[in-house]
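I have a structure here, written as structure tokens, and I will follow up with some questions on it.
Letters A, B, C, D, E, F, G and H name the chains as they come in the text, with residue numbers starting at 1 for each one.
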Amino acid sequence: DAAREQDTGSCSSPVVAAFKVFQQELDTKHDKYERLVKISRDITIESKRTIFLLHRVANVPNTEEVLKEAELKLEGVRQKIGQVAEELRGEDIHQFHRAFTPGIQEYVEAVSFLHYIRHRSLISLEEINARLVYMRAEGGDPKASAEGPAPGAQVLTFHVTPSDYLLGVADLTGELMRMCISSVGNGDIDTPFQLSQFLRQIHDGFSYIGNTGPYEVSKKLHTLRQSLGKVEDACYALHVRGSEIPKHMLADVFCSRTALLDSDEGVA
Amino acid sequence: MSVTEMFSHIQGFLSADQDIREEIRKVVQGLEQTAREILTLLQSVHQPSGFKEIPSKCAKARDLFCTVKTQIGDLKTKFPVEQYYRFHEHWRFVLQRLTFLAAFVVYLESENLVTREEVAQILGIEVVREKGFHLDIEDYLAGVLIMASELSRLAVNSVTAGDYNRPLRISNFINELDSGFRLLNLKNDPLRKRYDGLKYDVKKIEEVVYDLSIRGLAKESESSGDK
Amino acid sequence: MSVTEMFSHIQGFLSADQDIREEIRKVVQGLEQTAREILTLLQSVHQPSGFKEIPSKCAKARDLFCTVKTQIGDLKTKFPVEQYYRFHEHWRFVLQRLTFLAAFVVYLESENLVTREEVAQILGIEVVREKGFHLDIEDYLAGVLIMASELSRLAVNSVTAGDYNRPLRISNFINELDSGFRLLNLKNDPLRKRYDGLKYDVKKIEEVVYDLSIRGLAKESESSGDK
Amino acid sequence: MSVTEMFSHIQGFLSADQDIREEIRKVVQGLEQTAREILTLLQSVHQPSGFKEIPSKCAKARDLFCTVKTQIGDLKTKFPVEQYYRFHEHWRFVLQRLTFLAAFVVYLESENLVTREEVAQILGIEVVREKGFHLDIEDYLAGVLIMASELSRLAVNSVTAGDYNRPLRISNFINELDSGFRLLNLKNDPLRKRYDGLKYDVKKIEEVVYDLSIRGLAKESESSGDK
Amino acid sequence: MSVTEMFSHIQGFLSADQDIREEIRKVVQGLEQTAREILTLLQSVHQPSGFKEIPSKCAKARDLFCTVKTQIGDLKTKFPVEQYYRFHEHWRFVLQRLTFLAAFVVYLESENLVTREEVAQILGIEVVREKGFHLDIEDYLAGVLIMASELSRLAVNSVTAGDYNRPLRISNFINELDSGFRLLNLKNDPLRKRYDGLKYDVKKIEEVVYDLSIRGLAKESESSGDK
Amino acid sequence: MSVTEMFSHIQGFLSADQDIREEIRKVVQGLEQTAREILTLLQSVHQPSGFKEIPSKCAKARDLFCTVKTQIGDLKTKFPVEQYYRFHEHWRFVLQRLTFLAAFVVYLESENLVTREEVAQILGIEVVREKGFHLDIEDYLAGVLIMASELSRLAVNSVTAGDYNRPLRISNFINELDSGFRLLNLKNDPLRKRYDGLKYDVKKIEEVVYDLSIRGLAKESESSGDK
Amino acid sequence: DAAREQDTGSCSSPVVAAFKVFQQELDTKHDKYERLVKISRDITIESKRTIFLLHRVANVPNTEEVLKEAELKLEGVRQKIGQVAEELRGEDIHQFHRAFTPGIQEYVEAVSFLHYIRHRSLISLEEINARLVYMRAEGGDPKASAEGPAPGAQVLTFHVTPSDYLLGVADLTGELMRMCISSVGNGDIDTPFQLSQFLRQIHDGFSYIGNTGPYEVSKKLHTLRQSLGKVEDACYALHVRGSEIPKHMLADVFCSRTALLDSDEGVA
Amino acid sequence: MSVTEMFSHIQGFLSADQDIREEIRKVVQGLEQTAREILTLLQSVHQPSGFKEIPSKCAKARDLFCTVKTQIGDLKTKFPVEQYYRFHEHWRFVLQRLTFLAAFVVYLESENLVTREEVAQILGIEVVREKGFHLDIEDYLAGVLIMASELSRLAVNSVTAGDYNRPLRISNFINELDSGFRLLNLKNDPLRKRYDGLKYDVKKIEEVVYDLSIRGLAKESESSGDK
């Protein structure tokens, strides 16, 4: 390669010399972009699998174990996000944002789903970002260390943008809706009402933001509204069918049925 | 007049127009903000606990409509009144939302269909085009249709909140609305599409009433159903 | 070889491909016809009168599956076996329907989940791709999910027909199926969408069981509930 | 003939065609208006109070179908009969609506499925293409499917109105219709899509019957169900 | 006022609006016809033989503009003047075409840029919005840009016809026009897009002038270039 | 007649219809194949060497049009003639292509615009709708417009092949065609869009003529330009 | 993970047992698909860069060196395609086709471009496939060797499908058009006429196929026609301007100009 | 923190973001205005009379670049410097235009390619991202490509103005630029498209040089060609 360049007649030209630098710069940028796309795909896949895992919570006796496994998977995802952060070290994060935004949104969806199951609350952007702080280990990534001994190079952070957070939370509502319908099917009558309350809050939050947010958010509003509708319908059905029997009887009925249907062991 | 002079002159016109649009956009943004606040306020009626608070929420909404009035008052000053349709697209959307909100408040207060006159009065605008900044008839209808879909949601949530009476009243109301719309010969436009959604609302509410009827929950309300 | 020759050559490939597709389409149409006949046969189980006839209907369906076997046998001759996925879209839909029908027959006969092996055997095809024309796993799963939704309908109609026992057995069966599906990591594809539908089937059946429970109609099934 | 002459000649053809379309559009608008009126008339059967009035409403609808006949008579004069399919799109939609309305009237009167002959006779048109302005078979089927969805709504509202008998009869009727449609090999077109909707109607009605059964409300009707 | 009364009332409004639009459409069709006739008349200037006939063609075009005036006069009677922008889309396109034609005639006659006042006068409309049916500034600009592209064609055809003088004059004219447009701050709208086309016209004409120059054909015209 | 009988009957109709369509599709595929062969044949006129062979290529194309005639003859037998518009979409595209090819051959042979009668005769069909399988006027126009764009390409390639005469003749021809089309009042449909493309063809050819003129290459042809 | 499964109450169920197998099978398939997507992206990028490299042919004195470098790059791409073939060993190639078709099409574009520059002819599908035959080296890829000692495992082939070939060739025409315009700019008057002849043949070939090929092919026909138009226009312009000067003078003019413009050294 | 609080919090982010964008938009509008003024200034070089004034025009342009510097200085204060790419789209277009103008001035002054450093210095910004508001490499390249197309126009107009020297110098310059661009691996993005345009610019200039060569007009430049 170098040999050829030597031979090129016009290689003495300052214009061509300048463009050789540009070539380098552009290729480096595109290569980085491509690496980020690949990491993002990995993040997406692992986050999606975590979400599937979390839906299994309702069907296993030991919830905590599933949650721990999910936590472990997400720890792996966070390592991948660490790689993203590593690639972005010293870069303008927005320059490559399009390369990794799908992965990050999916991570937000997964981590907020886990958080909801654990704490029945919405994880905040700050809480998410707080876990995306990386300390460089001793024998750290050589590529990263090659950047030189900049002060503070030991700590690396990744910041999820507010709009990626919003988009991830918007998708979370779809998973919560699925969880709600499953709960009803499992005879769990508390979760749906909790979920409808929670979803309503998120829905009201998004309505409050309305069209002032990024375009992608407004686009997801319709799906969100549909999910809320499904959850409200489910609660309505639970209430209506509950109306046919006095409250104190309900517990008895459920007791006997729980004995009856062995695989029907809801979360709580 | 040279070409240059002519185009300078024209540029004067164009920037005046752009300034007007800029001003309108700003006021409309404020209106949208207020509309979203009213919506957030009224959303609480879907909460189980929110049913008792309806009167107080409506009162607060009425307060916010005063802000709306001021903002629309401001909007009116931004352009010559006879150019309403020149800038219509700028406020069409928010005016439909506000009509919906006004209609919803009026329904929650009185269970009546808000008239175009009432909406105009709540928003501080005119009904008749000739008299000034007015509520276009299609925007009024669009707002009413948005409310219909909100009412079908309300019917569902009323039951969840234990109010078995309201769905029946909503059902009657929506049926009347549906008959009304059937009198109209709508073009194949966005309004027509929205109207096609109304039949889903009607059906949805009928199913709620059915669920109550078959369980005997609609009984008591039927006797007191003459509101 | 000149450019023209080369394109003629390629055109040869393309028309051969189109001929194959045409042939496949014809056979698939026959398969769809047979599938519709089996479905019509099995639909009678939803009728009050149809419950006693289940065994005879299943037997007749088994007969029709012989026709299916012949037709699939014909289909296999239409293309090289190692190019299954090249033409997959053509029979994907009907194979899912046939899997559903086979799964439904097996369920009606034995109340067991048909295995992939059994479906393959009923349809006269393979389980493992390497062995020949086979049943794609996602098509098998899709067929099973269609059956789940048919079972939720059956649970409802069983009650209408006075059989309060069956819904509880269906409930057990569907719950187990649901546990199975929860183990899978699906992509955002049609199968995922269908699987989302399973939750509604489970919910519907749960509601039927609930209705029976509160009325004490599920009692008798307790003894016979271990199927 | 010069190019100019030729194109003048062609322009003659084109404007004749445009005039025909304009004429057709006007008559079709009138038809849509009448169709909406018949619909409004028949909508009352969904009201609790409306059940007794069915015969009188049907009679009135029959009267309005005379207007329809006149309007279609007018339509026929607007274009040469053998060009039916050239302009089909213009009246296709309204003809499906009118078929639905005719089918609904006939069902309400006799609980029978209207035949294509009967629809043709009610609308004053032909069944057989060769004989003149006729009812296309796919439009007939589309109209029947619209009615099916109206009947599922009627089943729900019958229960609300306290008529526990009707849903069972509707259920039988719809099941027969469903079997009928299963005999058809529909292409992947709008009709197929509409037909896919039929299974939701079937399911909905089955759930209504279920609700009646489990509450013992279907008992009495079962004995008198042989209508 | 009952809901029914209210909606009947609204329907009155809606049909009035639809009638107006129908009327407008008809008149606009006539206008388009006349515009096409003027265009055909002026197209002859691109023919080698057509160059001498320019004055007579322009005179005939002026005659046809009288018809345009009458038709626009008719158009004005179809709707209240202050609702100009309500129906603007209906005549926007044809008004731009007519502006182009008027501008072209004026250019051919005097090689000057038509002013907005002149166009308005030729079409028998107003310049100032307040005074009545007027020529929107953006429609005037669009019309002028259509003419620019016609002039680049004329430059090409002038050379073919052996007139080596005209392209240079067109070049000066178009450059002046380009400078004029550069004074405008256009939004990102159709007009902006059209303006982006102007630079191709400029370039094309420059290339024609170049072709003449390098062949020494522009010599004589340079001396007489002060037209 | 029971519902089942009725639907069996209907299925008879539907499959007859589907069979017809299947048959039509097959014949149309053959037609498309022949059309592509004619096109490939005529494409050679764009080759520098191809200019001398025009007569022989046209003769061969005429031969292939005999095949076309036979195929269309076959097509006619597939459906009742008065249902032309029922199946129009199936052959519309290929008929436009064939019209283009016929028009191209006629142009190459005689430099005349093919008439509708001639196309009909070449394809072995009718001009008048009443007489049988005919050439729809809009399909004829579409075919002619496709040829116009092929001619603009031919003008370019003629020059490359050293024929400076042909472009001028093409230019006259296209201008006449353009005038013809300007007499038509086209709707906003695909044909209109295609016609908008004609003005690019006109411009392109004018530029070719310009290039020849300015280099004095059009001189000799001008004298002999009266073809 | 295994521990959790042991604990699950329902793990004794044959249904659940079967679904565990399904889970494995699906995950394996998705993972493979994902790996193929990533390889395909690499193939695309490297092929694109080869095409850019080939456009430099006109500007360097030693054409052969550029061609060799391109050949080298494509050899690298073929190694990647070898990885695809390795992944597809024993699989139905059409099952994963969507994952790698973009990369393969781009490779066809690059390799046929190189072939055209070398031989001024269209590479055939057979010639392309002939170079996609892989012999497994001794210390081969362990993942591949784990598949066992199947007979004939030493030779691995990859078959480009006719439609991928067509789609690649359709894109090639765009590159040829670029090459043609560049040639005119470089004062090379032979290449454009050759190219127009060649493009016309390809165009006629595609017209002959018409809409009998896959949908994507018909979609590209419009661009192809545009490219041909640009090339024909360029030849037209060359001819027209050549008409102003007697043929024998032309050579002189070009000689003097070549001396004049130092960087203007065309291919032929 | 409650959900409501969280959303208020996020809403805070979002409106801050919108405010920043609003501010940026305003400054960018000013920049566009200045860019248009510089362009108008430099356009005169295409006029025959404008060639002598190049130095004075360049000087004036340099003055206007001081205004640009001030405006960009203002722009920098509107957002945190490390978020350059968050708002890049807002100024990308105008920065490319300004790079073009700077490159054009530098070319006119010295016939050299402006370096990235020089552009940055003229605009008062940085080359390296780390140092502050900088010139993105792709924007620099886009600006250079816009200039290339302006130079091809200049080559044409130089000949018209009788300067036969300049086109040859432009040709050398553009060829060098082309060699540079050939080194780059571009994505399928707007820059790639612009680069494809460069080939046409090179071609156009080559044609001009050819025209001069065959007429012996390029001779004199041989001596002064080594500028």
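In the analysis below, a residue touches a chain if its C-beta (ideal position, glycine included) is under 8 Å from a C-beta of that chain, and two chains touch if they have at least 3 such contacts.
Which chain is which protein? Per UniProt: B, C, D, E, F, H = Translin.
Quantities reported herein were computed from a predicted structural model and do not represent experimental measurements.
Chain pairs G-H and A-H differ in how many C-beta pairs are in contact, and the one with more is A-H.
Chain centres here are Cα means. That of chain A falls 34 Å from that of chain C (Translin).
Put simply, the C-alpha centre of chain D (Translin) and that of chain G have 56 angstrom between them. Chain D (Translin) has its Cα centroid 34 Å from the Cα centroid of chain B (Translin). We define each chain's centre as the mean of its Cα atoms; on that basis chain B (Translin) and chain C (Translin) are separated by 48 Å.
Chain contacts: chain A has residues 10, 30, 59, 204, 208, 212, 244, 263 touching two or more partner chains.
Multi-chain contact residues, meaning those touching two or more other chains, occur in chain H (Translin) at positions 176, 179, 183-186, 211. Chain pairs that touch one another: A-B, A-C, A-G, A-H, B-D, B-E, C-D, C-G, D-F, E-F, E-H, F-G, G-H.
Of all residues in chain A, those touching chain B (Translin) in their complex are 197, 200, 203-204, 207-208, 210-212, 229, 232-233, 235-236, 239-240, 243-244.
Looking at the complex, you find that chain E (Translin) touches chain H (Translin) at residues 175, 178-179, 182, 185, 203, 206-207, 209-210, 213-214, 218. Residues of chain B (Translin) touching chain E (Translin) in their complex: 1, 3-4, 6-8, 10-11, 13-15, 18, 82-86, 88, 113, 115-116, 129, 137, 141, 176-177, 179-181, 183-187.
Those residues of chain F (Translin) whose C-beta lies close enough to touch chain G in the complex are 32, 36-37, 39-40, 43, 46-47, 153, 156-157, 159-160, 162, 208, 211-212, 215, 217. By the touch criterion stated above, chain G contacts chain A in their complex at residues 1, 3-4, 7-10, 30, 34, 37-38, 41, 45, 59-62, 65-66, 69, 262-263, 265.
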